[in-house]
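Beneath this line is the structure, given in structure tokens, with notes to follow.
By written order: A, B, C and D. Residues from 1 in each chain.
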């Protein structure tokens, strides 16, 4: 099938989904004002796919490869079917990987989690709740799959499937919109990029058999967590690196707008961010090299790689995943903080409409300028800094960066169980060998 | 004069001030919806002053004492006059202490700062800009005074004065409202406590002579920064301590609502906050003891105290000020972060109106509950957590705590110039004495 | 009895104790070279007690008060007896409060801990191990008592007693000396203040009945942990504050010696330490005020205080204890770090003997000087900086500051169980009250 | 020439050098006890080069390439000569890149720095001081070159040259030995790896013309700082990664020895280190890929690379250098700290000789054991942990990791001047484009 245009994407959202947002029931998301920013942004990405200037960068001709990660022929075939469905129809896909926060004192599946409630000829009936589905309000399909391992006895919760966002019985319970109609000058990010988050509520949703990838197979379910080539962390590394560049850029622009770029301490604070950009780009290069080696190993039927290809064999963690767990939350949190300090209280600013007021604008032009920058541009940068670090969009962006890959403590405990730990310990035993 | 009632306070705000906010010109602030929350909160504090249950706690009978800090008879008399004016009329006073961010590479007065432009028989005419005036939209008077020292040659910027918020020529250029009409369930803090911030623009404002406390007297201006008994840091210590208690309380309530209170790591994270509450209360007790000693010293005509009253004389920094500079920004930033991690992505939540929807509420009652807590209360806590850490109110609150006492680096450099530094160094010379 | 002279203290150490240190069995600690520094330092403190210039500061006339904290008449009487014994004989007392690190995955008493092995007419026979006894090599008596609570069923480990360091069966297993004969120029601290640490091994040590304060009484044992007026944290606060002053002083002196005192960033780094000194002194003032209120409450037969004496009743944590748990480890670790960065690689320096070499000294006088400082003094400061942060003495000092009050995580969990936690949470419920 | 044996290396050190260390003048370093550990370690690495098992890993056949980085034919030829001299003679080379700490308030060359004092037919005579020369006591040659840029007017300080360690007039002023004769059980690292640091004092040292690479050519001197393919950061990345592995391994081994490996918080703390190991290995892979691209660019006569080879051209920082500046100091400092907390006060331990004492050993076997570990091994691990974090060797290792690439603040300011900063800022301007 062909790649979609923006218009086709927009049309695809008018599918009768059941969206609850801002206290309203929205039946046509394309007509709901706060969502028009993000829908427009995604639509223009679709249009870019057709633009000769970007087509070769944004699209590719697929050479179908079988998904072998599941290690189960039938599950793999169904997974492959879903991948092809999404790819061939150029669909926007969200995911919902985490159980609701019913009781975070345990990783056991809570009774509120999505589970099998009936098996029928036309499919499996599931009920329960899953979070946190980013992009849900404006996506076409939703993938429900593993994130934390399940235990024996939890088979009815051992599910991986894909359903369309308009599946009967599926309620999309979205968080409040973070774009409330402010214009682009005042909210350059919120007004364009608020992708939404939602809790998905499955009230007897029927999942047809060809959409049910895993149903009760604990080994396949938990296996999916281990046997991954690292594409997800690679894209996350690229995304987080660009965000780090952007944060560093806003900090720089703000510092120039108030003269702090001339102070050694802000030069150093921003300079450290620039160095972290280079570290991030090194990680990305490493993640690409490693991902290619894993993909080749998969092609040979192996599920892991050993060594760096130069020295002796040793366990290799997914470097992009490690970076997403611990490097980017550190770097991007630091970057947002440098930006906050560079901007100071300047972010607590008036609106573009205030500047447009003929009584106010001239006073701002006289008194609210910076070195080599006029009042309007200065205000525009301050609004951007606020939208990056202080608006609800900005707060959520910071949280997103930190929690993107899940609870840091649980991730760290998982790394403790890596074979690398034993290798490190082995160095000690070798040193102490008599 | 008598203490005001809430109604009297509200009436006092209808004074013809010139407020620019949210792109609007607001002539009657009491009628402007986003401000009604904070006006109501302040009004009810006024009413509490009349409530027999609180009267003795909230009010006192003043025994007038002369302000000696200025060390200049006439300036002191004018300052005393302003204090009495505000006290006797039970006025809400804001302040504007900092120059606009025209060029933060220097502490010199920028040409955009408030300055004398004419001297007339009826007063001094000033023009220029000052920031950041918290409470400005709903205050009665504004104090403009020193924060960073001025240099010789900057005499026209060496000003301390008080003007009413409706002074002709004064424009209050407020930042956007952070309350946009959400109800109290969804924004329990924004809807009640958004006090506002503003940049004040003085366009040929006449300051009558009795309101002009300092005009060009560099020694008096800079002296005000040094000769303070510490009342301001004491109140800030008390405020920040209560905020720390509240942050710790929200973290605890959230942890109970999702079961994290049973995990040792959250117990430890919250427990550390509780210990910091105790440290803060120790600092407060120290600040009270120290403040009383300074007040007594002032009464004896001395401008500083030495030693702790027990051991040998030594320089005493204002402990509350030091805590406001470096302890509370540390403690409260940490507390907000513990709260963020305790709540996780749960703060990205729907609204009270969603719960009220008869299709959604029952599903939430079934699937979005916590240990011993129902869906409604759980949602209410999540909204509070968001309003504390993620809403624009919350972001601003975090920034406020960190920047309340100014740029941390400049404050630190000021502490380096304290006589304590030399005393510390002296310990080294004594140890190394042959 | 009279206060001791230095000579009397030194004589008291020749008591036949069994000290294992540096791979040697030392029968006369006063003749063991690495210990002579600390013994000399303590002896001179004893002599100072007789010096008219210091006598009134260092000694006092006791007005005996009964110890009520134990809440058991007989235990209290025995405790009181031990206090009087130590005070009247002017004894140096060490303590050993922690079980050996046999299994830190639990707080249960390990089978290696000191325990009752026999009860006899002349006393209780105990065996097992306790750590970490600071000052043990040069102390007169050792107090063994509670630190973490014991559980029912652990009664044989529920012990508080005092034994002399030469008790038969007691082996003092000291850590290596950190003074190895370097002279005072090269190790100004190690050579004078290395107080020693030891694990105490009790191999059928008989504790006479009047020295056995608690034997199996779980309530009394655990009660001692709760019912304390706060003298220990107060002295720890004072000690840590002086150390913070000293660290700040060394950082300042080093910065002057290499010109970094002129750089804004080192001014700010040191300035922040100076502010933390002021915070610490505020905490101390608070701890004194609070300790006096607790002592008065004890005198009234009450075991706790409520409120700050000004506003409504509320739970009061021991502020000095909280500071020792979380403020001083933060502040002093930061101070050591500022010192490290101020000194940089300059601490990796030659010795005083190198300077004394006639070939080397003149080259150093020419090339290894700083702004306004000669090569000898510069080297002396660098050796001090190293002894503070890099020598084994310095490393141990840093560890001491962080672990002085035990495992920070377990302390934090203990604070979580304070009534303050509930009070903080209550603020939330009040805010959300309809 | 052939690769050296250990014996040949040892013989090469008996060259009449002038070493001042520990207050002694050492004329034969191979006979000086504290240096025998490191000399033995290096000698055995030389022997490994001859061992068939390691030869192919440790040695290679060189295909000589000209050094083009200097951009000056003659300087490049001399540099190439020096490289060949060192390589062909299998020499150990130290470096001394930094001026003495005469006045760290400026980056200007101080009058104490190494400088030209005379030009003669046989070479250039230099005098002055350089630091900090790691390995100096046991190296064969010393390279003196640029680290921070020099300014016009400082030409006499603009020098890059290589001299043998026994050059007449060169005094090696070494810091104290950190190995003082403890045996390998008690100091498993100090006893083998204390490589030494020294300040080099040049008292009219003659540098022959063919050893003087740069003499006064400011462009070439400063150019060397910019035009580097990144081999140095690559080796530093590999070294720091292995150190991180080792630190994580010691932390793991210690945690197992005291049961903390069963506590979630230590699992998480160590697990985070393991993840950082994976990040480090990703950076290394990136640094290899990038280094190869730079080497290829050099071969084409270009001095920089652009883009990642995949997307559009953009500035590329040296990712290994960025990691050495900011990632490894962060990761390795954190690792040492995890190790400290895992070991706690257990590192304050007795010696192997104490254990060997027949009175003490059996008590330790009874009371100082851990889960599944005997007293001897437990002690051995504790000594290792101390040697890693608390001994002078360990303290210096921590400092080394942080200061290896120079003053972090100055490095950060240098990164601020990278073209990447402008690219980041450009993203902002693009976003805000109307």
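Here, a residue touches a chain if its C-beta (ideal position, glycine included) is under 8 Å from a C-beta of that chain, and two chains touch if they have at least 3 such contacts.
The model shown is predicted, which means the values in this text are computed figures rather than measured ones.
Asks: Taking each chain's centre as the mean of its Cα atoms, which chain lies farthest from chain B?
Replies: Most distant chain from chain B: D.
Asks: Which listed pair, A-C, B-C or A-B, reproduces A-D with over half its contact pairs identical?
Replies: So the equivalent interface, with over half the same contact pairs, is B-C.
Asks: Let me have the rounded angstrom distance from the C-alpha centre of chain C over to the C-alpha centre of chain D, please.
Replies: 37
Asks: Between chain B and chain C, what is the separation of their C-alpha centroids in Å?
Replies: The answer is 39 Å.
Asks: Would you kindly tell me how far, in whole Å, the mean C-alpha position of chain D lies from that of chain B?
Replies: 49
Asks: Can you pull out the residues of chain A that are in contact with at least two other chains?
Replies: 264-265, 268, 409
Asks: Can you list the chain B residues touching chain D in their complex?
Replies: Touch list, chain B to chain D: 264-265, 268.
Asks: Give the list of chain B residues in touch with chain A in this complex.
Replies: 20-25, 98, 100-106, 112, 128-129, 131-132, 171, 173-176, 180, 186, 197, 199, 201, 203, 258-263, 265, 340, 344-354, 356-357, 359-360, 363-364, 366-371, 389-392, 394-396, 399, 402-403, 407, 409
Asks: Mind listing the chain D positions that touch chain A in their complex?
Replies: Listed in rising order, the residues of chain D that touch chain A are 57, 188, 245-246, 248-250, 252-253, 256, 264, 267-272, 274-279, 281-290, 308, 310-311, 316-323, 325-327, 330, 380-381, 384, 408-409, 411-418, 420-421, 423-429, 431-432.
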